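Shared between the two complexes below is subunit A, which has subunit B as its partner in the first and subunit C in the second.
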Partner chain A sequence: MHIPDGFISPQTYLPAAVVGAGLLAVAYKKVDLDIEKIPMLSGLSAIAFVMMLIIIPLPGGTTVHLSGIAIVALLFNPWIAFMSISLVLLIQALMFGDGGVTAYPINMLSLAFLGSFSAYYGYHIFKQVSKKFALLFAGWISIVLPSLFIATVLGVQPIIASADDGSPLFFPFGLNVTLPSIVIPHLLLGLLEGVVAYGAVHFLRLRFKKAFDA
Partner chain B sequence: MKVLLFLLLLLSDLFAHNLQHSISYEKSVTITLYFAHEGDFSFQRYEVYAPSNAIPFQVGRTDAHGRLSFLPDISGTWRVKLFSEDGHGKSIAVEVNTTAQIKETTSGDSLLWRSLSGLLLLFSIFSVIYFMKKESN
Partner chain C sequence: MGPFIFCVLGLKRLLMREKRWFMLYLVFVVVLGMIHSIWLMLGVIILLSVINKNVKWRLLKKAFLTLLVFNGTVTLSYLLYALFVPVDTSILLLLNLRALAITLLTFTLMHHINFHKVLEFSHKGSVLYAFTYSQMMLSKKMLQAYYSALISRSASMKRCIRKEHLKPLLETLFATMLHQSKEQSLGLRSRGLIND
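Here is the complex of A and B:
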């Protein structure tokens, strides 16, 4: 789900960079992380980093990967998750070319911001009904909503930036292609992400009860 | 006689519609794309651009093994752009020298190397944050 360089027009990534920088500034002001929780946060960020590296090939030539964003968002809070996942995405973009540098603001807004906040609020909406279902839903929505955002951003590129003859200058496929090819695989992957989020959050809250109750 | 000449002229025109071909075996640039296994980037769209040229030199789709091949005609940095419908892809620079010899390069970053170096960097950053926070406290 990491968009590479050359797919996104400047008309898209420049405003996204401004919004992303603003959100990081808000996060920096809001986050007051307890020093004792930093090792746990670094460990969970590392898990998210590795989960994003493991690629699952699907029939039809597409691939997907888990993210672990919901785990960080639920065990800490969405602003901390936003900052830590933004850091993970930055390392992936700068060191390994997993996601482009110009596309970084879009990847940050979709995965780090939408993924973290959708997981957090998704959990809090459904936790009164069932905590188990709320955890599964949080994992599912943390994958599906970013995939919908990325499919939309990619799919509107031919409309936003095209040559005089109408040929697209950046990503060439429209919404009729991007929405089904990106969102449908992630609807299924979300189920796996939900199970992983449920297992990880449940285990870590039990095992490190003291750390998360503090 | 006039009719015969007319028919002969018509016949010569027909040759223009006869698609000719020649086969040569030359060194070309072959790029193989894959995520985890060979063939999992098959039949995906690509564009090849000659140095300093905005119009594609070649367009097409990767073959069943996720490969594409092109024959550069000038030296310089050629660019290959790859797109899949689900938003994956990349832009690759291919260096071609004056004798049309191609320097072989691979991305060479294995999953293990990427994981270890990325984790090392991540833990280093969090360690700096930890010690800065400890210092300020």
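Here is the complex of A and C:
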């Protein structure tokens, strides 16, 4: 879901970078990142990174990859998840070219921030009704909401940044193309992410109870 | 005392160099986003290739592959779209050249500087980055080993994880992460970075 380089205009990514940096500053303050927590947080970031590398086959020969955002947000808390996913996205952008540097603020706000918080609050809204459903919903929303945000940001690029003759200078497709082509597949992908989030959170809490009680 | 001061000053200058290059890189990335000239993008790509000397082909290949994987879908779909609706396809060239220039610039910078030093303005930030990067590489290697083990047991497995493999994989992954975190905490404590 990461947006690559060259698709986002400076008019979009510069304000997004300011908002993202502000949110990261709040996160670092809130999490109270003492040096003892750093190995655990880096481990979580590595888990999120590996989750994005795990490819799962779908019928028809296609594959999808997990995001792991909901898993980290639910096992710990959304601020920790936001911090660790942001770091993963930064390393991915700089070292591997996976997600552009210019798109990093948007990727951070959508995947790391919206993904983590929607999963966490989605779970807490529905956990009174059914814990199983709440976990499935958390995984689903952690994929769907960022995809909606990304589709909107990409879709407004032809309006925000275009040449005098009206031709686009960055991402060329409008909302009529981005919303259905990005959001609809993620509505389905979210179901798989929900099942994986349910399985992973349930299993890891059971298997590594001590780590979460600490 | 003299050599010590010399070392400290040299180190300070080195740190400044890394940060200065990174700031310059950020400014350059924004400038590239504000220029809409195909020739200038080509010029930047050629200039970066000249700067990269011995590693130019390796970095160009890496940047080109990144472009192919991540920007390829949009380029292809826009070309298909152009078959039915009259649109200006020259923008695709600018879009891809700009993406290639920025990606190549990023890889060039990462090849020439130590990013860890850029973050040294924040002690926690640089420690967190170092730990995260090392854990990411470790986990990546572990996942690759896991894939290799799966492939060696089933010719049809290729590079996909199936439902039945997810549980043991998650367990191994998480246990490795916890073990590494504990080891690193012990390492920090033994070096006096954690006070009990």
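The working rule: the second predicted complex is superposed on the first by the 189 of 214 C-alpha atoms of A that agree within 3 Å, B and C clash if a C-alpha of one lies under 4 Å from a C-alpha of the other, contacts with A are read in each partner's own complex, and residues count from 1 in each chain.
The rule is short, and it goes like this: contacts are C-beta pairs under 8 Å (C-beta built on N, C-alpha and C of every residue); 3 or more make two chains touch, one makes a residue touch a chain.
Remember, it's a predicted structure, so these values are computed and weren't measured experimentally.
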Give one of first, second, both or neither to describe whether A:10 is in contact with subunit B, with subunit C, with both, or with none. second
Just checking: does A:182 make contact with subunit B only, subunit C only, both, or neither of them? Give me first, second, both or neither. first
Quick check on the superposed pair: does A:44 touch subunit B, subunit C, both, or neither? Answer first, second, both or neither. second
After superposition on the shared chain, which partner residues are touched by A:206: those of subunit B (first), subunit C (second), both, or neither? neither
After the superposition on A, what does A:88 contact: first (subunit B), second (subunit C), both or neither? both
Which of the two, subunit B or subunit C, is in touch with more residues of subunit A? C
Let me test your reading of the model: by the given contact rule, A:196 touches which partner, first (subunit B), second (subunit C), both or neither? second
Give one of first, second, both or neither to describe whether A:150 is in contact with subunit B, with subunit C, with both, or with none. first
Please identify the positions on subunit A that touch both subunit B and subunit C, taking each partner from its own complex. 4-7, 33, 35, 38-39, 41-42, 45-46, 49-50, 53-55, 57, 63, 87-88, 91, 95-97, 171-173, 177
Please give the residue numbers of subunit B that touch subunit A in the complex, ascending. 35-37, 40-45, 81, 83-91, 107, 109, 111, 114-115, 117-119, 121-123, 125-127, 129-130, 133-134, 137
Contacting residues of subunit A [partner subunit C, same complex]: 2, 4-7, 9-10, 13-14, 28, 33, 35-36, 38-47, 49-50, 53-57, 63, 84, 87-88, 91, 93-102, 163, 167-173, 177, 196, 199-200, 203-204, 207-208, 211
Subunit C residues within the subunit A interface of the complex: 29-30, 33-34, 36, 62-63, 66-67, 70-71, 74, 77-78, 81, 87-88, 91-92, 94-96, 98-99, 102-103, 106-107, 110, 115, 124, 127-129, 131-136, 138-140, 142-143, 159-162, 166-167, 169-171, 173-175, 177-178, 180-185, 188, 193-194
Interfacial residue positions of subunit A with respect to subunit B in the complex: 1, 3-7, 33, 35, 38-39, 41-42, 45-46, 49-50, 53-55, 57, 61-63, 87-88, 91-92, 95-97, 150-151, 154, 171-173, 177-178, 181-182, 185
